[in-house]
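All chains are identified by letter, namely A, B, C and D, in their written order; residue positions are counted from 1 within each chain.
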Amino acid sequence: MALVAGVAVSSLAVTALPATAATDPGVTSSEIVLGMQLPQSGPASPGYNKVDDAARAYFDYVNSKGGIYGRKVRLEVRDDQYKAGLTVSSASSLINKDKVFAFIGSIGTQTHISVISDINRRGIPDLFVNSGYSGFYTNPKTYPTTFAGLGTYVVESKIVGKYIKDTYPTKKVGILYQTDDFGRNALQGFTTAGLSFEAKKTAVNFIAGTQGSIGLASQLTALKANGVEIVIIAAVASATAIAVATAAQLGYKPDKWVVTSVGADATTFQTILGSKGVTPAVSAGMLAGIISASHAPSPGDTTDEYVAAFKKINDDFNKGPDKRWDNNVLQGMNIAYMATEALFGTGSNLTRKGIISYIENNGSKMSSAALSPLGYSRTSHEAFTAFWIGAYDGATVLKPITGTRVLYTTDSGTGPVTVSNYMRPALPADAIAKGA
Amino acid sequence: MEIFLSAIFSGTSRGAIYALAALGLVLVWRGAGVVNFAQMGQAMFTTYIASTLIGHHYSYWLAFIVALISGGILGAFVDLSVMRPLSRKRSSNFLDSPAMRSTIPVIASLGILGILQSGAGIFWAAEERGFPTPVNSLGLVIGGKTMPFTAFDLFVIGTVFITLVITTYFFKGTGMGLAMRASALNPEVARLSGIKIGSMRTLSWTISGVASSLAGLLVTPSANLSPSTLDLILIIGFTAAVVGGLDSLLGSVIGGFALGLLISFVNVYDTPEDIFLAILVVLLAVLLIRPQGLLGSKEVRRV
Amino acid sequence: MLEIKDLVTEYGSVKALNGVSLVAHVGKITTVIGANGAGKSTLLRTISALEQPRSGNISWNGKSIVGLSPEKIVRLGIAHVPEGHAVISQLSVEENISMGALFRMRSNKVDVKNAQQEMYQLFPRLEERKNQLAGSLSGGERQMLAISRALVSRPSLLLLDEPSLGLAPLIVEQIIQTINDLCRNTGLTVLLVEQNANTALSVADHGILLSLGSVVADLPAAQMKADVSLRAAYLGY
Amino acid sequence: MSRTRSYGRKNLIISILFAVLIFILSIKLDPYNLGQLAVALMLFIGVLSIVLLTGASGQISLGQGALMAVGGFAAALAILNLGLSIWVAIILAVIAALLAGLLLGIAAARLSGPYLAGTTLVIALAIPSLATRFESVFGGDVGLNINFGNPPAWLSSLMGSVGYEQWQLLATLPFAVLALLFTSNILNSRTGRSWRALRDNEIASSLNGIDISQTKIFVFVISSGFAGLAGVLYGLRGIVGPSVYPISLSLMLLTGAVLGGIRSILGALIGSILVVFLPDVIDSIMKHFSPSEQVANYLPAMISSLLLILTVVLNPGGIAHGLHRTRRHL
């Protein structure tokens, strides 16, 4: 219902777009300008504020290797403080002042939804959005220029939900979710996956993050009192860390913690607990055994060729205030990597229509650090459609749970969860993919 | 039963912190006639100072003391740099009505909050941090069940109690305390009695700065530290202070515990989403039914 | 000796005092009378520095006190009891009294205790009520308390603003008598502002009649009391 | 009487001049600044709500953002569920905000100073949280999508092609002009004078036969209507949701009102332009110094807070008051 008004406007306008030659904004013979919106200040910014620096580091690397068909990539970033009112203004600034060719990696469902119609109406590519909200991607007729940069919450919950049901058929499963759209989407996803929860007993929510984690202790007590043995945490990384630590204080030791990929970041986990006086060894111990799903290799897995290469680039090129290697940095790099690949693939005659059509037609063959296939096609703009299930080892690395990595895939609808045989393309020698 | 007890315990331990925040607000209100909306911003700032020291491997207690001292200094600075010039300006034609006189310092304190938050952003906000507790925080075991109530919670409640006793004694039992109350209640008579009301005001800002800094140090372990971490505590602390009676120290502490329990029960038996509404309802109910609060004196000030 | 020369005090553009000159001698009661709005209260407020004069001079024992803060002036031994039984009603009687001596607390604790006791001897009703809030007192008791609050600082000059306002004649009589005794016994200098000219002039040594911010008569009290035409012209009776 | 009428004519002329000026700007400016100017006009209406409330009647509100949210949500529900046009929805939104203002005003009339400030601050926090509480109606954190739509054909044919931002500005303009006209007329009327009397001395004005609480509620209602109007227009830029109307929006309105001059309509205009364009100006100046990311992100907020304090301490009348004084000196 909410999207109806947007649809009408956007579909109307897109057909009216002029046929574009190589004169799209943001592209000159020497430069490509890209724009990114994310919270760089304010309560929602910690962690996310590293994504832009990581992406820029990768582009700087590409530029140092001669750019894309001789064009250097310039990334313009706007801070929207995670407030939708500011997102509208900052999008306008990127479009009209910086004249960006495309948006990449914008962060946040509730912020991006305020500008997605306008960006699409103008035919501006809206690449690799950092939101798992499936409504943005599953129907390209609604948002023809928007492509995902994350797996959707629904896909992940379905896969993890099935894993839990299959592995622990007799255990009592509960969920602790943060009180916002992300938390509620996750709850919905796990319910769709066939897990059932009872509100206030096995499904409890709390106000997460910097506002003081209100009620965490009581909510965990409720789970404990109701004998929940498997606890799913659907919260951002910092709140996840606090939740696990609080449970330890309460003497609550469920058989398994299951953490959504959004909340599973070993670096944040250890940083938060470290600043609370928990030594790295102890926090690594708390992390050990926690189950999570990922579409990407674990940032701690330095044997992975992509991880190793990206980490090196991060060391050499990242000029951000906090460049410590973690999931956010990996994700930022990977988005820039994919954008570079798509820009190369589109050819030297770079147009907005061209890049959209390139991703729709060749996106599923694009490489990325992710171990998952990319779901881009003319009928879907979803990114990572597969996840593998892992558990943290004692050295904060997420390792495949059964020893060998098994990828599960599904869709954002009601389709079944199946095993995927996808093999990630090898990393090019210079760590720059040139496209098909 | 376990859930009920847990609601009581976590309500009590949170309540202690709200009590401390409320106490800080009451101190400045009594001492200087200003409700300081920047208070928890000051607390956030000094907690960052402590966190930075701890990050550099200084002991918790050193950081604790430094934070309290800087809280006092910050409080005094706020008064000397903004509030005192403002109170001197009271003859200006924008400040001549009582309505504006009480409104303008509120606006100024919001400006101070903005400066502290953006300043903390510039200095520290690249990463999210936690904050340690000085004593172990393992839950108390009652009848084989671990309760959400830890040695640290006891420490917090003890601290609140001690703060209450000290401030009450200070106000009721010392000449300085009497001078402070007199300057807040009736500046003119106080001045005619030879009391240096400017210094008394600054002193109450200082004491309140220390109290808020303490609240910041004690609340942050249960949350993460960021420039806007403590905004919510301010709002709850304000409500607690109003519930207790904005001019009553004991009232503010009772109000703090009452709010802690209320929020805990809403959280456990209703849903966390209703917390803000519950706060609003309580605040409006108190202001409309018993505006002087539980323990506030009726004639002190019209709300 | 209090000496005031050509004192001008303004509220905005209104001249409340327009060149007032007067002298109050040590150990004497000097009363300032005049109609409402004559500038009597402003005169006292300017002496105790609650208002800053535009021009002119105030000197106490030969030294100018213009420009000092009210806190400083109290320390010079000038105590002011402002109009309207000025006590702090949310504080107890005892607290109101001790408030007046706080600034001497550190230098002479013993004497402060003594001074407090003397106040209770002066006004025994206050001792009975010493733990009550000042707000619960009657008008007369409040006035006694306000005076005690000033006297406990052991001033040598007492500025008394309309002590009779709103009080029953019997109480007024009692208060005025107490002041008179103090003055005669301890050598206290008193500057008494009154609208109730008869009462004031009956105890005062000297009378000053103020009208519209200016001194219109400066006479020995008895003489002023006898001058019917003066009273008719400026006080309306 | 004739004085009031001459005021009325003067106000009308000023409003027309204002409309013409903005209209000229709407042709001259680039799309980004058109969008920013549109936001400034929306906030202008919001700041006027504070000029009426705080400036004229002495009541403070830190919760105008909540009333903006009421307006925005009412309009969004009307558009999405009832299929009404945005123009009808705007009217409904104002009515909804007036009603909300009545409820708040009844409570607020008994409060003043810091009590009112604190209460309205809690309101600013609590009202938007209703959106997530009743997610199925209000769309939760994500909110409800509404927008100005495409410019009408007659306008495009009249002006050539009308851009997206240009249309936002032109659609906002008539409401800003109406708000300006209404405010200037009411402030110069007997009603406005009774508000000021209330602000300056409650006791005296009640002796003069002004019903204090009725007057306070009335101001609150009118002010809420303005906030509601500002809220719909702000939401029509793309979305109505809790993250569109955060507490910081309420504080931004207050900052604009104080910086410009809390008792002045001209001040409201200056203030709203300032809060919208100042960050851009700071950004473009900072570019020359290549500051660190954190400085770049937090400096605008720091500067506007600093200006707020300096204004309150040094020049409580704001820029408009300063201009007025300067003009008098010349």
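Keep in mind that, in the parts below, contacts are C-beta pairs under 8 Å (C-beta built on N, C-alpha and C of every residue); 3 or more make two chains touch, one makes a residue touch a chain.
Computed from a predicted structure; not experimentally measured.
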> Among all the other chains, which ones are in touch with both chain A and chain C?
Replying inline: B
> Which chain has the mean of its C-alpha atoms lying nearest to the mean of all protein C-alpha atoms shown?
Replying inline: B
> Among the chains, which has its CA centre at the largest distance from chain A's?
Replying inline: C
> What is the distance in Å between the mean C-alpha positions of chain B and chain C?
Replying inline: 42
> Roughly how many whole angstrom separate the Cα centroids of chain A and chain D?
Replying inline: 37
>> I'd like to verify one number: the distance from the centre of chain C to the centre of chain D, where each centre is the average of its C-alpha atoms, in whole angstrom.
In response: 53
>> Counting only residues that touch at least two other chains, what does the list for chain B look like?
In response: 121, 125-126, 231, 271, 273
> In chain D, which residues are in touch with two or more of the other chains?
Replying inline: 132, 293-294, 297-298, 301
>> Which positions in chain A are in touch with at least two other chains?
In response: 41, 49, 179, 320-321
> When you check every pair of chains, which ones turn out to touch?
Replying inline: A-B, A-D, B-C, B-D
>> For the complex, give me every residue of chain C touching chain B.
In response: 48, 50, 69-71, 74-75, 79-80, 82, 86-91, 95, 98-100, 102-105, 135, 149-150, 153
>> For a test of understanding, state which residues of chain B touch chain A in their complex under the given definition.
In response: 2-3, 6-7, 10, 14, 51, 54-55, 60, 121, 125-133, 137-139, 141, 146-148, 150, 219, 221-233, 263-264, 267-269, 271-273, 275
> What residues of chain D sit close enough to touch chain A in their complex?
Replying inline: 30-32, 35-36, 39, 79-81, 132, 135, 139-147, 149-150, 164-165, 234, 237-239, 241-246, 248-249, 280, 292-294, 297-298, 301
>> Residue numbers of chain B touching chain C in their complex, please.
In response: 175, 178-179, 181-182, 185-186, 188-197, 297, 299-300
> What residues on chain A touch chain D, complex-wise?
Replying inline: 1-6, 9, 12-13, 40-41, 49, 53, 79, 81-85, 88-89, 92-93, 95-97, 109-111, 113-115, 117-118, 121-122, 133, 179-181, 184, 320-321
